[in-house]
Amino acid sequence: MIMTLIAVDWWLILEKGVLIGGIIGLSFFIAMYTTYAERKVAAWLQDRRGPNRAGPFGILQPLADGGKLFFKEEIIPLASNRFLFILGPALAMITALLTSTVIPWATPFVTKGGSVIPMQVADVDMGILLVFSIVSVGVYGIMIGGWASNNKFSLIAAIRGASQMVSYELPMGLALIAVLFLTGSLKMSEIVTNQVQHGWHIIYQPLGFLIFFICALAECNRTPFDLPEAENELNFGYHQEYSSMKLGFYLFAEYINMFISSAVMVTLYFGGYDIPFVNETSWGLNSFWMSFLSFSVIMTKIAFFLFVFLWIRWTIPRFRYDQLMNLGWKKLIPLALVNMIITAAVILLLNK
Amino acid sequence: MPINYYIFLSIALFAIGIVGVLTRRNAIIIFMCIELMLNAVNLLLVAFSKMHHLNNAVADVTAGTDGQLFVFFIMVVAAAEVSVGLAIIVMMYRNIHSVDVNFLNRLKH
Amino acid sequence: MARPVSYNLIKKPLEADISMADMPEGSMGEGFFATRLNNIIGLARKNSIWPLPFATSCCGIEFMATMGSHYDLARFGSERVGFSPRQCDLLMVMGTIAKKMGPVVKQVYLQMAEPRWVVAVGACASSGGIFDTYSVLQGIDQVVPVDVYVPGCPPRPEAIIDGVMRIQDLVGKESLRRRNGNQYKALLESYGIQ
Amino acid sequence: MSITQILFWFLSVVALFSALMVISSKNPIYSVLWLIVTFFSISGHYILLNAQFLAIVNIIVYAGAIMVLFLFVIMLMNLNKETEPPKNRWLKMAGAVAGGCLLLVLVAALKDTDIKQQHALVNEGNIGLIKNLGKELFTTYVVPFEISSILFLSAMVGAVVIGKKE
Amino acid sequence: MLTNEHIKQRLKEKFAEQVTGFEEPYGMLTFEAPKELNLKVLNFLYDDEELRFRFLTTLGGVHYPANKGRELAVVYHLHNLADNVRIRFKVFTDINLPDIYTATGLFSAANWMERETYDFYGFNFVGHPNLKRILNVEEMDYFPMRKEFPLEDQSRVDKDDEMFGRGGSAGFGTDTREEDNRNSVTAESEKDDAPG
Amino acid sequence: MLTQRAKQVDRKPMTFLESIYLWNILKGMGITISHLFKKKVTINYPEQTRSFSKVWRGLHVLNRDEAGRENCTACGLCAVACPAEAITMEAAERLPGEEHLYREEKYAAKYEINMLRCIFCGLCEEACPKDAIYLSQSIAPANYGRKGFIYKKEDLLIPHPKEEPEAYQKALGEKATIN
Amino acid sequence: MIHLLQTGLNSADSSSYLPVGIQVIFAVGLVAFLTFLTHFLGPKRKTADKLQNFASGIESHGDARQPMAIKYFLTAILFVLFDVEVIFFYPYAVNFKGLGWDGFWAVAMFVGFFLCGFIYIVKRGALKWED
Amino acid sequence: MSEQHIKLPEGSIEKTTTTLNLGPTHPATHGVMQNILELDGERIVSTEQTIGYIHRAFEKIAERRPLYQITTLTDRMNYCSSPINNMGWHITCEKLLGIKTPKRVDYLRVIMMELARISDHLICNSIVGVDAGAYTGFLYVMQYRELIYEIYEEVCGARLTTNMGRIGGFERNFNDIAFQKLEKFLKEYPKVLKEFENLFQRNRIFMDRTRNTGAISAERALNYGFTGPNLRAAGVDYDVRVHTPYSSYEDFDFNIPVGTTGDNYDRWLVRGKEMWESLSILEQAYRKVQEFKGAEAEVFHADAPAYYLPEKEDVYTKMEALIYHFKIVMGETEIPKGEVYQSVEGGNGELGFYLISDGGRTPYRLHFRRPCFIYYQAFEELTKGGMLSDAIMTMSSLNLIAGEMDS
């Protein structure tokens, strides 16, 4: 036993632990400030000012919300299923926190000793598929939570949400395959490197990106696909019965999902941490600054996508259930398939 | 890992599946037990594929892939089976409003 | 009709509010840390009051204006309105509450998660207003305890914001222990709430 | 014990325990959840065996799709209640005994085979990677690949025919 | 052009002496009919190719406690949209026997209007598919719009003339009853002045 | 068709561009983003206040004449006119020596308005024949208890023009000029 | 001896999943901790009414979990089938360049069947969500 | 073999539908209606509505209030467009009392009524947007509702429950600020309305959500007593302003937008178009009002000393005025006996006042024809067979105003 413990590379674990801690902290931070951004952006788009009383410019607003949620009474309806009721939001939160594992956040950092620390928690061979597998489990959060509440609105929302999320996984996967044709690997690091070398995938795959983006909206339950929590119909849907931090989990999970799906989109289609139009390697920056720079670049891109998410949310109406399903099944799936086949054919023809 | 660990694990899972099939009356749970048994077999197959690989590593780098592919196909078949099977269960539920296998049994007569 | 005077500047003192009445008995002995925590959470709660607009009639329309761009209740961190009592902190009863509606108000109040506050916006919700009739509840304080009353028919958005700010004052000062205290319980019992 | 072994035992215990819970939970929803746990632990085993592709596919297909379907059906049918009457006690016993016997027989049969010396390669070995599997799949196993698409077609037809019947 | 005179003529032709009380207050033809005939008259007005009163503008009740034997009235306002003519049609009934045929078969719009009229006055619309209270609570045991019932909320506990400006019979605000003490906690805590 | 004025609304079928969603969504997004750069209309109440119209019907005031005498004669017209029955008063005869306090022979010994009942309809102002009650441009403030809304005469009377000239000036604001 | 990383993680090994495992532990721990924590904070006043379900302000009656329209589950069935089909494309995609046209035709045929099935279900109205 | 088998959930043998209780505390019902929906999946099998949650007994109160106090009730009926209600009531009274209003008063009333109509329609249309999930457009147009409120405020001193106008005219003449604001409104609102329409009108998501949902045929609509925009959306061009003009509406030139199918989209379009028509009426009225010069421009009420309160200055100084004043306030002026029915085109349709006077100071009976109340009963027919989301859109596109519905 002792030997085992010694054999473990504690430095590695420490390093990864720090990285994971950092990323989860970052996810939390971004999620919190996305709520703030959401309120501010909404306000600005609507000629309002938005929260501005909690701290300067309302900067502390998310903290206030969080603090309040923590100190709110927890309600578990009697008719609900206690364990599942707690499990639902916890699952949603856990899956949201897990999706960030394979995203490369910056160029690797080389220490003085010469060892290379990749700014990526795990660069596994299955790469993006790992994300997909986690996402595919994420649907339980909504389903179980909505079902456990024993509330009709929640139940309808849970079923809506589950159908929606599984349906949009398909075109998402199909759209992704066209990218994989270009890279030939599922590894995120290679996907990024490929883009650094050959240009961003968005150039080759605009349609694929569009499909992916739409599906990302749907997976995050954002407008126009926010049916499961459509407040005008289902009155917050699956989390109607939730209070306190369990509600907070659901809300946070949504924002973390937004953050991660922006990150995934950036990595898959927008070159990840790559800086466009320049060859940054020739600048001779040291590796710390390099990592820092690339990290800020990816964060900027992510911020942009987050903004687009918010912007869309405050602009367009939402679908109806059948229209949403029609869009997913009858339009996006064939479109993604066609996109995939055409991409394959074109690549093969060009390779001749 | 010694291969028989995997064997015993799989057997145990398989046996649990069998017990489930024999003792439960809810068709859906029985169905789940079948999935469990399939998975036990899958696990074993994967373990075996790696075992073969160990022996023939020099001769053939792809040795054992067939085992894993087989597992893959089992999953594929399982998916097809589950969808049809559950469709049948749902239909049965719709018509006789029960998912009780005993009840089904009685319908035969 | 030229008015001789434009403003009534007399400030009427505020009533003692119902929540201040029940600081827990041992509040004197609270340690420094507890007080700090109280303050911080009070501050947090105060800036994140999510209203549940129980808007039934005309006053609800004025509430729309309050949410609108000109007044923007969001500035107070209160734009996340919800209709689920579990998630809201402030029950804003706006509009006439008929006797038929009374039990609904009560039910919604009952189902709100603590800590919860109630503001009665407008004459109807506060006292029945002009509708002293067989079908109208003469003020929601007959069924639920009200923390702040906002007069007006309908109150201007300014007045509604004023009411929300009064609530903020209350929220900011509330002790963390109040909701478990006996006096709060007594208050609820006087309304027949366990 | 190496860390792999620790993980092996851990995963095995989880798998067995959750499998037992699957068959012993009264509430089908819990059965589903426990089965999901089982699948995760089996996926863990796959990862230990470095069958990465299968591990992920196992999660996506079983945990992410098939069990969702199960959950869906149970939720829609409202089978949450513990409405299942106990099977005849003797039958139940017989079932358990039969299962136990099977276990014993198999264990006994395999106990002394020479397979004991064989080891499964954990952690390493490339055959479980998607690249290698894919190569094999699309060269040697092209025919089954196509056949499985026909299988899907028929499953779809079957499901729709059954499911759509009013 | 459809004139009031003509309508009157047609009605007279059809129902002879049974429709009575023709009047034209502020230009709108008004008449009444026995309550047994109300549906016949409405049907005639609806079906007749010339009259075509096919739009039920409104329907309401009136209570005349002084008119013994015919205390309650149902007033129909009908509208011929094509010729743009409105008429008013009244049916009186005894308050002790307020049975009247329902017009729901003819006008879907009559459904709720009749329910409301029932709710207010207690008409019994014979043949109505769902005659129950619509605006008031189901438990109410009187018909509030009848003249004898008071407007004010009788069960009010906080009725306090000092507070609500309802003075005694002679002057204003002379009668002071007990203070509103529902907020007992408020009363207790009045001493601590709330900071503001 | 009942009239000659009917005009069909434009309900044309979707064009292709519209049917692929994107175009109009982008258009909509263009509209919303253009607002991002607009001046915000929000009034930062309570720091900033919006100007009310001169005739805004807010909190009541009871008027005094230039000498600071109360105008009200307790005639009760305002109470009659009040649809909310919010006004309560008690009349009293002016005693000799009180001429500097009350303008008329009768005055309101007690004058209360229940602001919680009041609907700020302004009918009392209209009904008053003695130039005594007016609605001002202040808004009635929120309060914690019902009692806080019983506005007594002290709360309603305008500042005495002689004794508190400053307060009086303040209350005048920019004196209402428009009718 | 401070050296941060001895070997690095080879993505071809299962050890590359170690960090994923760590993250799982991290996430589960965090969520469990927060759930636990929030349970103790905040006031508690449980009353029978409060613990009823919220039904738009009316007292809730009965169990919300009544059997729902079964038709939703067709979505899930089709999803299972399609999902597995999509997974078939991944091994192809990574080997795409190596397989060349042969692979393409194999996949094209697969897609053909896929589309057949798709068209069938569309024709059968299984994707009609309206009813 | 045991005879037990797995028990079925209650009542599931025949019943595959779900009963969903929508409201009263539900965002889509605006807090005051209750719909019990029977759902098959998302499809509505039947609905049952409960109303009366804010029943305030207007008709009973009206029997206890002198005529001039009834505006406080009409204000609170359709509070989105209270000036129309007030004017309607005043016109009814004037009809009863035989007062003839001067043209300028009529035009000023038209201005107020059309402003009210715009504010009513813009709330309805933008709420349809909100219920469809797009909140922003709502806030854009609401800014202009604020402007309308400012105009009200200049004229009568209140924003929402205006208590505007008196029997015989207005309580005061419009001031310059009011006209300036009106001008501003006329200048800026078209742009905003256009922008608002661009956000929705041709957006496919919105069209899909609203088209062919909640539709009703013209015939059924008439049978259900629909009036106003909801009837016009079904294709019947009935408009009280044209059919029985009041307040000199005959002097104005405007169209009646009609739809064809009576679905949510048509209702939305008709309301949208009506706002444009109202704008054109407003412009015409504004021009007409501007034409009055000098002393004529000071006319803001009819010359009816028995019913219109005299000038305050006169009350303070002249005995005769003081007597009239007393009489009017006490409600002791001569009121003829009789029955009047007068209707105006309210925000939601024909808003009727059936007034029976027995010569007393209060109406003997006052019955309001409340369009909302009448057409809400068609809700079941409108939503049956639609989806849950359609029901919500239908509810908002009908523009149900609880105050009017529940009286």
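Order of writing sets the chain letters: A, B, C, D, E, F, G and H. Residues in each chain are counted from 1.
The rule is short, and it goes like this: a residue touches a chain if its C-beta (ideal position, glycine included) is under 8 Å from a C-beta of that chain, and two chains touch if they have at least 3 such contacts.
Since the structure is predicted, the reported quantities are computational estimates derived from the model, not experimental observations.
A.B. asks: Write down the chain pair with more C-beta contact pairs when A-C is set against D-G.
C.D. replies: D-G
A.B. asks: Taking mean CA positions as centres, which chain lies farthest from subunit A?
C.D. replies: E
A.B. asks: Hey, how far is the Cα centre of subunit C from the one of subunit D, in Å?
C.D. replies: One centre to the other, that is 55 Å.
A.B. asks: Just curious, how far off is subunit F from subunit E if you go by their C-alpha centres, in Å?
C.D. replies: Using C-alpha averages as centres, the distance is 35 Å.
A.B. asks: Determine the centre-to-centre distance between subunit A and subunit G, using the mean Cα coordinates as centres, and give it in whole Å.
C.D. replies: That gives a centre separation of 13 Å.
A.B. asks: Please report how many Å separate the Cα centroid of subunit B from that of subunit F, as a whole number.
C.D. replies: Chain centroid spacing, subunit B to subunit F, equals 76 Å.
A.B. asks: In subunit H, what residues contact two or more other chains?
C.D. replies: Subunit H, residues with two or more chain partners: 1-2, 5-6, 8-9, 12, 18-19, 21, 24-27, 39, 42, 52, 55, 57, 60-61, 72, 136, 139-140, 143, 161, 172, 199, 203, 205, 236, 238, 243, 312, 387, 406.
A.B. asks: For subunit A, what residues touch not just one other chain but two or more?
C.D. replies: Only 42, 45-49, 71-75, 124-125, 129-130, 136, 147, 152, 155-156, 159, 162, 166, 169, 185-186, 231, 235, 240-241, 244, 314-316, 321-322 qualify.
A.B. asks: Where does subunit G touch two or more other chains at once, residue-wise?
C.D. replies: In subunit G, the residues touching two or more other chains are 12, 17, 42-45, 48, 50, 52, 54-58, 63, 65-73, 76-81, 83-84, 87-88, 90, 92, 94-95, 107, 114, 129-130.
A.B. asks: Under the definition above, what is the set of subunit E residues touching subunit C in their complex?
C.D. replies: 135-137, 144, 149-154, 156-159, 164, 182-186, 188-196
A.B. asks: Which positions of subunit B touch subunit D when the two form their complex?
C.D. replies: 1-9, 11-26, 28-29, 31-33, 35-36, 39, 42-43, 46-51, 53-54, 61-66, 68-69, 71-73, 75-84, 86-91, 93, 99-100, 102
A.B. asks: Where on subunit H is subunit C touching in the complex?
C.D. replies: That would be residues 24-27, 30-32, 52-57, 60-61, 72-73, 75-76, 79-80, 123, 139, 142-143, 145-146, 149, 159-161, 172, 312, 402-403, 406 of subunit H.
A.B. asks: Tell me, which parts of subunit G touch subunit D in their complex?
C.D. replies: 12-15, 17, 65-74, 76-81, 83-85, 87-88, 90-92, 94-95, 98-99, 102-103, 106-107, 109-110, 113-114, 116-117, 120-121, 124-126
A.B. asks: For the complex, give me every residue of subunit F touching subunit H.
C.D. replies: 1-3, 5-11, 14, 18-21, 24-25, 27-28, 31-32, 35, 41, 52-53, 55-57, 77, 80-81, 83-84, 119-123, 126-127, 129-131, 135, 178-179
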